[in-house]
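What follows is a single structure, and I will ask about it in a moment.
Chain lettering (A, B and C) follows the sequence in which the chains are written, and residue indices restart at 1 in each chain.
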Amino acid sequence: MSLDLGLPALERAAPRLMRTEPLLNMRDISKSYGNVRALRDVDAAVYPGEVMGIVGESGSGKSTLLRMMNLEDTPDSGNYTLRLPGRENENLFDLTRYERRMLCARNIGIVYQNPHLGLLMKHSSSGNVAERLLIAGERSFEVLRDKAREALDASEFPLDRMDARPIELSGGMQQRVQLAKAIALEPALLLLDEPTTGLDVSVQALVLDTLKRLQRDRKITMVLVSHDLGVIRTMADRVMVMRHGEVVEQGLADQVFQDPQHPYTQQLVHAKL
Amino acid sequence: MSLASLTKDWAATSYGFLDASAKRELRRKMLKAIAVPGCQMPYASREVPMARGWGTGGLQVTLTLVNSASVVKVIDQGADDGVNAASIRRFISRVSGAAETWDTLSATIVQSRHRIPEEIMREDQVLVLQVPNPEPLRGVEPNISIARQMHADADYGKLWLTLYEQIVRKGRIMQGASYPAMVNGRHVMTPSPIPRWDVPKLNMARHLTFLSAGREKRLHAVPPYTRVEPLVFSDRPYQVEDHADLTCRRSGVRGFFMNELPQDGGGSVFEVSDSNLGIKAIDKADGSAIEIGETWYRNGEYSA
Amino acid sequence: MTTTPLLRVKGLTKTFRMYHLDSMLHAFEDISFDLYQGEFLLLRGHNGAGKSTLLRTIWRSYLPVAGQVLYASSHGEIDLANAADVDIALLRREEIGFVTQFLNARPRVAAQDIVAEPLRLAGATQAEALDQARHWLDQFGVRPELWRAYPSTFSGGEQQKVNLARALILPQKLLLLDEPTASLDVGARAALVRRLADLKSQGVAIIGVFHHPGDVAELIDREINLNTRVIADQSAEEDHVAV
């Protein structure tokens, strides 16, 4: 019966019109934890200004891949480059811990689902943002304060609470602090790991709206991981669908949602409310 | 040749109390500490006849340095006559034959808890500071393994953040003692609980300083002529305690670090913390031929 | 009209594979036509004949299974049928427009900002873009008091006006229209026809699907009737809707 399913969709060609190279380029990423293959020959390319969505269920490898983009983990094999001045052809997995830390602090921002991972809960919100600037060598108190205020404002965080501790804030506000921290140094790449999962639906919409605004105003390149198709659909230009550590389908967001090619993606899309 | 001629006679204790291998280990760690200024070196920290936390770290360094020609001064919060200071000084003298002194100028080794003398120390002197907690990152990173990585990476953002938080919460930097300082532009150290008043004395000092923590089993050093820069924001200058205008009620000296003595019914009187400086000032006023050395602070201003 | 076509569609075929039903659906097969600059092509056919599907396949919301869609972009000719996703995204930003009956309204974005966005993305200043946006909102008959409101709360007709203003604010080389007149009032429909005529005269090539082709009768240069080409069993096509 399934032999009767006709022609597959046309194989897509390599990019011809894009005049820019991908900002992020990952090739043949594989990783096993013991007997579990977390990632298998994953390729990813994200172009400047793009929002790449990664969907998949728990254990699909999407968060592992994001952690590798943030250089928190190293694959068993594979290559990772970011087109940063002077680093174009460098496999970032070869960097030392110190180089990774400096590169991440200056060029990559991340927002975690769990704010405890990204924030010092008992320091002030502005201080959490200022820490990034301190790592980058800023030593003027007034400049730290101004830049923290600016980043919090861009994340639509209420400035009268800028010195409140994250532990005193709501989940949505905590995500805004994480976001402000992530964008404070105007990173080339912003990674979002389930940034709105666990928030109330109304709060979720507001946070997504903030992300949209930032994306539009600052043209930040984003990689967004979520199991929530609605979030991906709202945000992403292109989508990668992951399952069991592999990319099963990749395409323009509207195409993946309207004309999914892989049986798993079809199941995923049809299961959505 | 007999076995007896190759070995020393039995003795109840080794010279300077610590056995030769303990001293050899300490010497190695002290040399390493000098080689990498401000970097903490772990050491075994032997038992000495004193409870941990009462200066055993400083004592072990002093016992390693001391010889029969040494002149030892020991102070506790600036005073030579405290029970602890007197006991340590007498112990060192008994096990090494070193001379004791209260005078900073005549000492070759100054072991101290929480103060640096006000008279400028020379190249031929060594300052040994007793340190309760040698890890400046402890307050921000409880995991010691990660703290060591942070030192390796010169990752001191969280320390700056602590200062940022103090200004945000209190309007100024509240850190009084143990003010974190960058040594030789590379490692941040905690300079033991000396007051902010004393931290500038370590910067480009002529003398060698060891900072040793017996309970924590780590020591670090500031070699002579090494930069020691307290962490400050460029627009929030480092400030020492506001003691410039205080006068010692007993010696009459003015412009040095003072101990505050609260009085019944409110108000305070002050006594100079470096007690032997006060004594020398009184003796000099009484007509004795006393030499008071150059001081780091003049008229309450740091000027060395 | 130039001699080289802007778009050459050759043998374009689309089928949907539906794994959960273990079946496939033929939308259209072996469609070929050329389209020149400034030309207005109407797609005809009864419900389910594959008109919208063809538009969406050119727009690449749907992936064709055979054929070519050779498009003469400003950067050179490219086959939209198999072009890389990032190339399609680029063309959608710069050269090809798609107007549906649905507005992709986002929370807390004002009508005038939604309309101004394509100009902003193309590099216009905020002031210029807003100026233009207000002009087109006015043309399509959106009342000024709504310009700064959030369209997510608007009625279908008002949303569609905002949608059209946004979609048509920036002249494209190729414009795909999927029943843009549905739920429009008479005034807005007239404004739409005026704008389309204007764009056409500027050389924009247009492919359209209309419920009532009479609305745009005077603009139509050519028609393709999909009924005659259609293969059976397109009953489930209406399941695939909406951008």
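As a convention for this text, a contact is a pair of C-beta atoms (placed from the backbone, for glycine too) under 8 Å apart; a residue touches a chain by one contact, two chains touch by 3 or more.
These numbers come from a predicted model, not from an experiment.
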item	value
Chain located farthest away, centre of chain A as origin (C-alpha)	B
Innermost chain, where centres are averages of C-alpha coordinates	A
Rounded Å distance, chain A centre to chain C centre (Cα mean)	31
Chain B and chain C, separation of their C-alpha mean positions in angstrom	78
Whole-Å gap between the CA centroids of chain A and chain B	49
Contacts with 2+ other chains: residues of chain C	none
Residues of chain B touching at least two other chains	none
Residue ranges of chain A in contact with chain C within the complex	1-2, 4-19, 47, 50, 205-206, 209, 212, 216, 234, 237-238, 250-252, 254-255, 258-259, 261, 263, 266-267, 270
Chain B residues touching chain A - in the complex, by the definition given at the top	149, 152-153, 155, 157-158, 160-161, 164-165, 167-169, 233-236
Residues on chain A engaged by chain B in the complex (per definition of touch)	97-98, 101, 120, 123-124, 126-127, 130-132, 134-135, 139-144, 163
Residues on chain C engaged by chain A in the complex (per definition of touch)	13, 15-20, 22-24, 56, 60-66, 73, 75-76, 78-79, 81-91, 106-109, 117, 120-121, 240, 242-243
